[in-house]
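Presented sequentially are two complexes of chain A, the first with chain B as partner and the second with chain C.
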Partner chain A sequence: MVLQSLKNCLWLSCILRTPKASFRSTASGGLIIQSVSNDVYQNLAVEDWIHDHMDLEKQQILFLWRNSPAVVIGRHQNPWQECNLRLLRQKNIKLARRRSGGGTVYHDLGNINLTFFTTRKKYQRMENLKLVVKALKALRPQLDVHVTDRYDILLDKEYKISGTAAKLGRTSAYHHCTLLCNADKFVLSSVLKSPYKGLKSNATPSVPALVKNLFEEDPSLTSEMLLDAIAKEYAAQHQIDHHVTLINPADETLLPGISNKTEELQTWEWVYGKTPKFSISTCLNMAYKDSVLDVKVNMDVKHGKIEVCNIDLPEQWLPPGLYGELVKSLTGSKFCPNETTTLVTTLLRVCPQDDELHSRWSLLCENMIMLM
Partner chain B sequence: VNSSSVFTVRYFRTTAVHRDDVVTVNTPAFAESVTEGDVRWEKAVGDTVAEDEVVCEIETDKTSVQVPAPAAGVIEALLVPDGGKVEGGTPLFKLRKTGAAPAKAKPAAAPPPPPPAAPEPVAAAAPPPAAAPIPTTMPPVPPVSTQPIDSKPVSAVKPAAAPAAAPPGEAVPTKGARSEHRVKMNRMRQRIAQRLKEAQNTCAMLTTFNEIDMSNIREMRTVHKDTFLKKHNLKLGFMSAFVKAAAFALQDQPVVNAVIDDTTKEIVYRDYVDISVAVATPRGLVVPVVRNVENMNFADIERAIYELGEKARKNELAIEDMDGGTFTISNGGVFGSLFGTPIINPPQSAILGMHAIFDRPVAVGGKIEVRPMMYVALTYDHRLIDGREAVTFLRKIKAAVEDPRVLLLDL
Partner chain C sequence: VCIHRVRSCSSIRFIKSKYVCVFDKSALKFSHQQRLFRTSAVSCGQIVQFKLSDIGEGITEVTVKEWYIKEGDSVSQFDSICEVQSDKASVTITSRYDGVIRKLHYSIDEIAFVGKPLVDIEIDASKGVAPEEDVVETPPMSHEEHTHQEIKGHKTLATPAVRRLAMENNIKLSEVVGTGKDNRILKEDILNYLAKQTGAILPPSPKAEIVPPLRKTEAGPAAPKDKARKIPVPVSRPIVFSGKDKTEPVTGFQKAMVKTMSAALKIPHFGYCDEIDLTQLVQLREELKPLAEIRGVKLSFMPFFIKAASLGLLQYPILNASLDENCQNVTYKASHNIGVAMDTEQGLIVPNVKNVQVCSVFDIAVELNRLQSLGSAGQLGTSDLTGGTFTLSNIGTIGGTYAKPVILPPEVAIGALGKIQVLPRFNGKGEVFKAQIMNVSWSADHRIIDGATMARFSNLWKSYLENPASMLLDLK
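Up next is the complex of A and B:
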């Protein structure tokens, strides 16, 4: 396999500027590109960029990418429902929302991502996945892998090694899927388990599945080998050279406008704010002095912000003025632990200097923040 | 097997109602024999849309399909609730066509950009309102300018530069244009504004100034920073000198460490010194506390500050990190502030404002010399602290920073 450097892909920019005109290029029918970055936002931005700017009529594109640890939720999902946000923050695992539908996945360098870009007319998920299976079997004929009608790839008829999602635009479309080579299953299962109780939402739910790494089946396999095999099969099917062009998602000259896309994918408004409206109805069990208080909490969260907040505290547990302030401050603010912490500490500083009051306040607020 | 049955949205049948210019847009047919999907609305009733702008997305079987407006107009009605199920051909929404298309910067493909209320989370990014009441110092970063460790919070501080600058109206120009735009004050900002006003109204606030010759501290740092780094794995900054000096002075003048309890009309004297160090974050001012500074040495203080800085950077500051504090230090020097009056951070009685260090000619032993000088300001509650006590207090800080041996010898 030959990896071409960026310099040699000037013809890539030719394609951009003369979309429908004929272009002279060495390849026809297909192009294979691979990202040099492991940043999930940058790579998702590349997908957006290709989807928006490239003409896929004459050639289809296969995009290969890997990410450092990240959880990627589908376009219409609820991150609170899908993963353990506290654990993500602790472990410094990024959270991204992609633009395609589907469920939540965990990425790390042991997982490879494939995106198949075609025109909308030529959108064909099954064919793409069959291509992947064919590549795997060519590499290791003894592998028992097959595509299900849910567009998953199963290993040994039991274990999910690949999930799929897609986006259909007006004229172009893409289908992307994961492939588990050697990902950290322990982290995967712990981050994809949501600890948040009492959530009611009509966001797209994920369907959990048993997973396995291909590496477990055959320890001689590496991500690089898989990428290579798939590129080879794609090249064969599209009758093009087995060349993989490297792409730097930070290159604004090659991909003008890419940094805006990357930035947008990282904004709170996109990652959290695009969560469909949901409600929380739960009970805080607060251990205070010698007793345990059961405090019912009901909240509605829209666009990631608290729309309605009801906390059922015993009367006079907090001075009513203060309780009112708390609810008023929370309403309209982000459903976010940092924002809430800042808010409640500011409020705390206007309270009388009363240790009892302060400890009650802290207890209540810490418990509220745990919901986020 | 192939999706030749997919119609591009623009050309499929738009139903009946062509009366006036109201058009009903239907669900596009789905690909690959999928039968139903969920609708997620991007636009609401009454929204103006341009041709091709995304009105909603339909999620079918892990695929997200955008449904654009067939023409420019106003959304008249949404015919399916958010998250509702639709099949190919189900009526989705009604669009009242208008002639012109609103100028929309973004191309249709991606979901529409968030509305310009983006300043929300970034408290200080809206230059107009609260910039005015807050004099220079509120937004500073705890440890002093030079530290890379603390440069993380500084980057978070960037928006807060606004206060130093503009009086309101100047903000948003294009040459000759005279429009204005309104941004709702976010919750944090409202609360802070309210508290600041309360503080001003309750305390009789006064500020006294002094200047500090930073030569000795600089020299101490130059001589010892490498060993310090080696032993403690921390950078030796200026903050520890000021925090320690403040604790020293607070123990010497306990009334500055005390506070008036307005409800009981008592003066509360505290025998511990918890120093709040003001940090600006995009979400607003936070003041993490270094506790029991009276028992700490320079290394302990640097460590505590570093740890708080790390927590602030990672957004992990908890309530107990920020609760309390008997005295606040704020550093306007990071922004190059020369001189200024900090505002007391209730419920405390005083605040020390540090400013930038500039080389100045000063008289030393009858001769003019150029020394690195810092102006410092102490704003105090005159109901509790008298002028003499305030000045003495500040001079003690000056003495301890200018010559750390004062701390050693308890002078």
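Up next is the complex of A and C:
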């Protein structure tokens, strides 16, 4: 694999800017690019950019990328349902929502991502996955890998090593998939397990599967080798030179408008606010003094904000005025621990200065925050 | 098959059709492929049923996941209408027409069928219509040619409305830079092009037209670059600005702030300000910064300000007190939990450092670092944000000299620190020297605190900071 230098970035810049590539160059049928960034938002933004700006009639594109630890949910999924958000925050693992459909995946540097860009008419997931399998078999003929009709790639007919998702626009489309080389399976299984109970929604659910790393099957395999093998096969099938162009997703001159796309992917409104409407019906078990209180909570959350909130507290446990204030403030606010924490602590300033009251308030609020 | 519904008008005129309804017989071999040209009724809007086009891979049904428009909204050709999902693929459906949405055939989470109507759009017939197409397998030639103009070997996308505007103003589309999706030319691009030519903002064309909201504010009249050139006198036309007011409900955190500040307003505030010479402190901090760094801590000025405040509160405990609702009782708080105002994305939050009275300056620095990193990550806990007894606000990091801070109930005092400026001052010998000056603005609850107490506290705090060595005498 020949890695490109700055000179070729200028060449790439020409391709990316000319809407209808009318040049006659060696890269006539396809283009292979690889991101130099491991930031999930920047890489997702590159996908958006190519999808929106590039003309894929004359050439298709293969985009190779890897991310530092991140959980990526599908366009129409519910992050509370799909992963352990508390653990993500603790471990500083990013959460991203991609624009394609499908289920939730965990990315780290031991996982590679492949995106196949074509025109809408040439959208063909099965062919792409067969290409990947062919590349794997060319690299290690003894590998037992095949594509299922759910567009997964299985190892030894049992273990999922790749998941797929796709996005179709008016004129262009992309199909991307993961490939597990040497990801941290322990972190993967712990972050993809949701602790939140009582959620009811029509969001797309993920289908859990047994996974395995290719590295476990053959320790001589590395991510670099896999990337190279896939690039080689793509080049062969598209009759282009086997070389990979590096791109920097932070380069605004190469990809004008990319920083806006990157920013948008990180906004709360996109990551959490695009969650389809859902409801929570659960019971808080609050240990207070010598007893345990069972408090039923019912909430409706739309666009990531609390639409309706009902907390079934024992009578007079909190002064009714204060309970009313709490519910009124929560209604319309984000279903977010940080927003709720600042909200309830600010409200406490205007409560009567009573230690007993304060401790009850704190107990209730901390339990409520745990739901988020 | 598309259903045409021509609304009955009071005066039906005989229309010379420019276009004719045609079924391309050869195309009937492909199940969904039709090429239709619509009759243009001059005075009536036609309702067209926009069908869900093929997704590919033999998929016949999808789930509607999100609508980007609602009934009554105006749409332009190529605007996104909705998002549907099928088997891990998310598909953005875009409009084929300019018009007004009259009916949504599905609600969220319903199954929609390929080939069946998705939305009904009322087309503004005066603008003309793009031919209809259902894209299935690769057709022999691209249907989209009818909406493009071949320009310089590049195809330029522009909706019929935009092309008309260009034509009316004698503009060649090839000379206009398109800023829309796929480089298409938008109405703003034409307007910007025109504004550059005449140096004036143009009003929309007199015919009733759907004006999509502008993505950027219209450019002002271009400054005359070449004064020698004759600037054409613009014809008097009304200046058009299509920005709209945006009203949002006050929710969440903002709501809570409204309550707190309304309560704060009930406290009779008085202010007291002074100037502090931090020359010695600046030097001291320079010396101590590397020591703190070795221990892994960033040392700012705040730990000194906080510790000095706590030493002052030991002498004037009424500033660390709380007045009950009925102003019957004053509670002197034992702990000095000094709040530090922080500016975050959400707005103002005030976490506090607990028990400053038993903390060293270094301990305070460590705790501040912890609170600052949690604050910027949006992960402060309830205990960090409650229990404060006194607050300092370092607004000077952003700017300003004197301020009028608002007391945060249930506290009774607050101090706002301005920025440190280098100013000339006189020393004891009457010489001018370079001094590092910072202003402090205190506010206190005049129901239980009087001016003299505040002044004495401030003087004590000031003396600790102007002569940091004196803090050593009183450190506990």
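Note that the second predicted complex is superposed on the first by the 367 of 372 C-alpha atoms of A that agree within 3 Å, B and C clash if a C-alpha of one lies under 4 Å from a C-alpha of the other, contacts with A are read in each partner's own complex, and residues count from 1 in each chain.
Just so it is clear, a contact is a pair of C-beta atoms (placed from the backbone, for glycine too) under 8 Å apart; a residue touches a chain by one contact, two chains touch by 3 or more.
Nothing here was measured: the structure is a model prediction, and the numbers come from that model.
K.L.:
Once chain A from each complex is brought into register, does chain C clash with chain B or fit beside it?
P.N.:
clash
K.L.:
Would you check which partner chain A:341 touches, where first means chain B only, second means chain C only, and both and neither mean what they say?
P.N.:
both
K.L.:
Contact-wise, after the overlay, does A:358 reach chain B, chain C, both or neither (first, second, both, neither)?
P.N.:
In the superposition, A:358 touches chain B and chain C alike.
K.L.:
Would you check which partner chain A:169 touches, where first means chain B only, second means chain C only, and both and neither mean what they say?
P.N.:
A:169 contacts both chain B and chain C.
K.L.:
Check whether A:267 is in contact with chain B, with chain C, with both or with neither, and answer first, second, both or neither.
P.N.:
So A:267 only meets chain B here.
K.L.:
Which partner does A:48 reach: the first (chain B), the second (chain C), both, or neither?
P.N.:
first
K.L.:
For the superposed three-chain model, which listed region of chain C (19-27, 109-117 or 145-153) is the one that clashes with chain B?
P.N.:
Given the superposition on chain A, chain C and chain B clash at 109-117.
K.L.:
Taking the two structures together, which residues of chain A meet both chain B and chain C?
P.N.:
52, 74-76, 89, 99-103, 120-125, 151, 164-171, 202, 204, 274, 276-277, 329, 332-334, 338-339, 341-350, 352-353, 358, 362, 365-366, 369
K.L.:
Within their complex, state which residues of chain A touch chain B.
P.N.:
Contacts found on chain A: 48, 51-52, 74-76, 89, 99-103, 120-126, 151, 164-171, 202-204, 261, 264, 267-270, 273-274, 276-277, 329, 332-334, 337-339, 341-350, 352-353, 358, 362, 365-366, 369.
K.L.:
What residues on chain C touch chain A, complex-wise?
P.N.:
55-57, 65-66, 78, 83, 85-92, 94, 108-109, 135, 137-138, 153-155, 181-183, 249, 251-253, 255-257, 259-260, 263, 322, 324-325, 331, 346, 349, 377-383, 385-386, 408-410
K.L.:
Touching chain C in the complex: which residues of chain A?
P.N.:
19-20, 22, 52-53, 55, 74-76, 89, 99-103, 120-125, 151, 164-171, 173, 202, 204, 274, 276-277, 305, 325, 328-329, 331-334, 338-339, 341-350, 352-353, 358, 362, 365-366, 369
K.L.:
So in the complex, the part of chain B that touches chain A is made up of which residues?
P.N.:
1-4, 6, 8-10, 31-32, 38, 40, 52, 57, 59-66, 68, 82-83, 107-111, 113-114, 118, 121, 186-188, 191-192, 195, 198, 259, 261, 263, 268, 281, 283-287, 314-320, 322-324, 345-347
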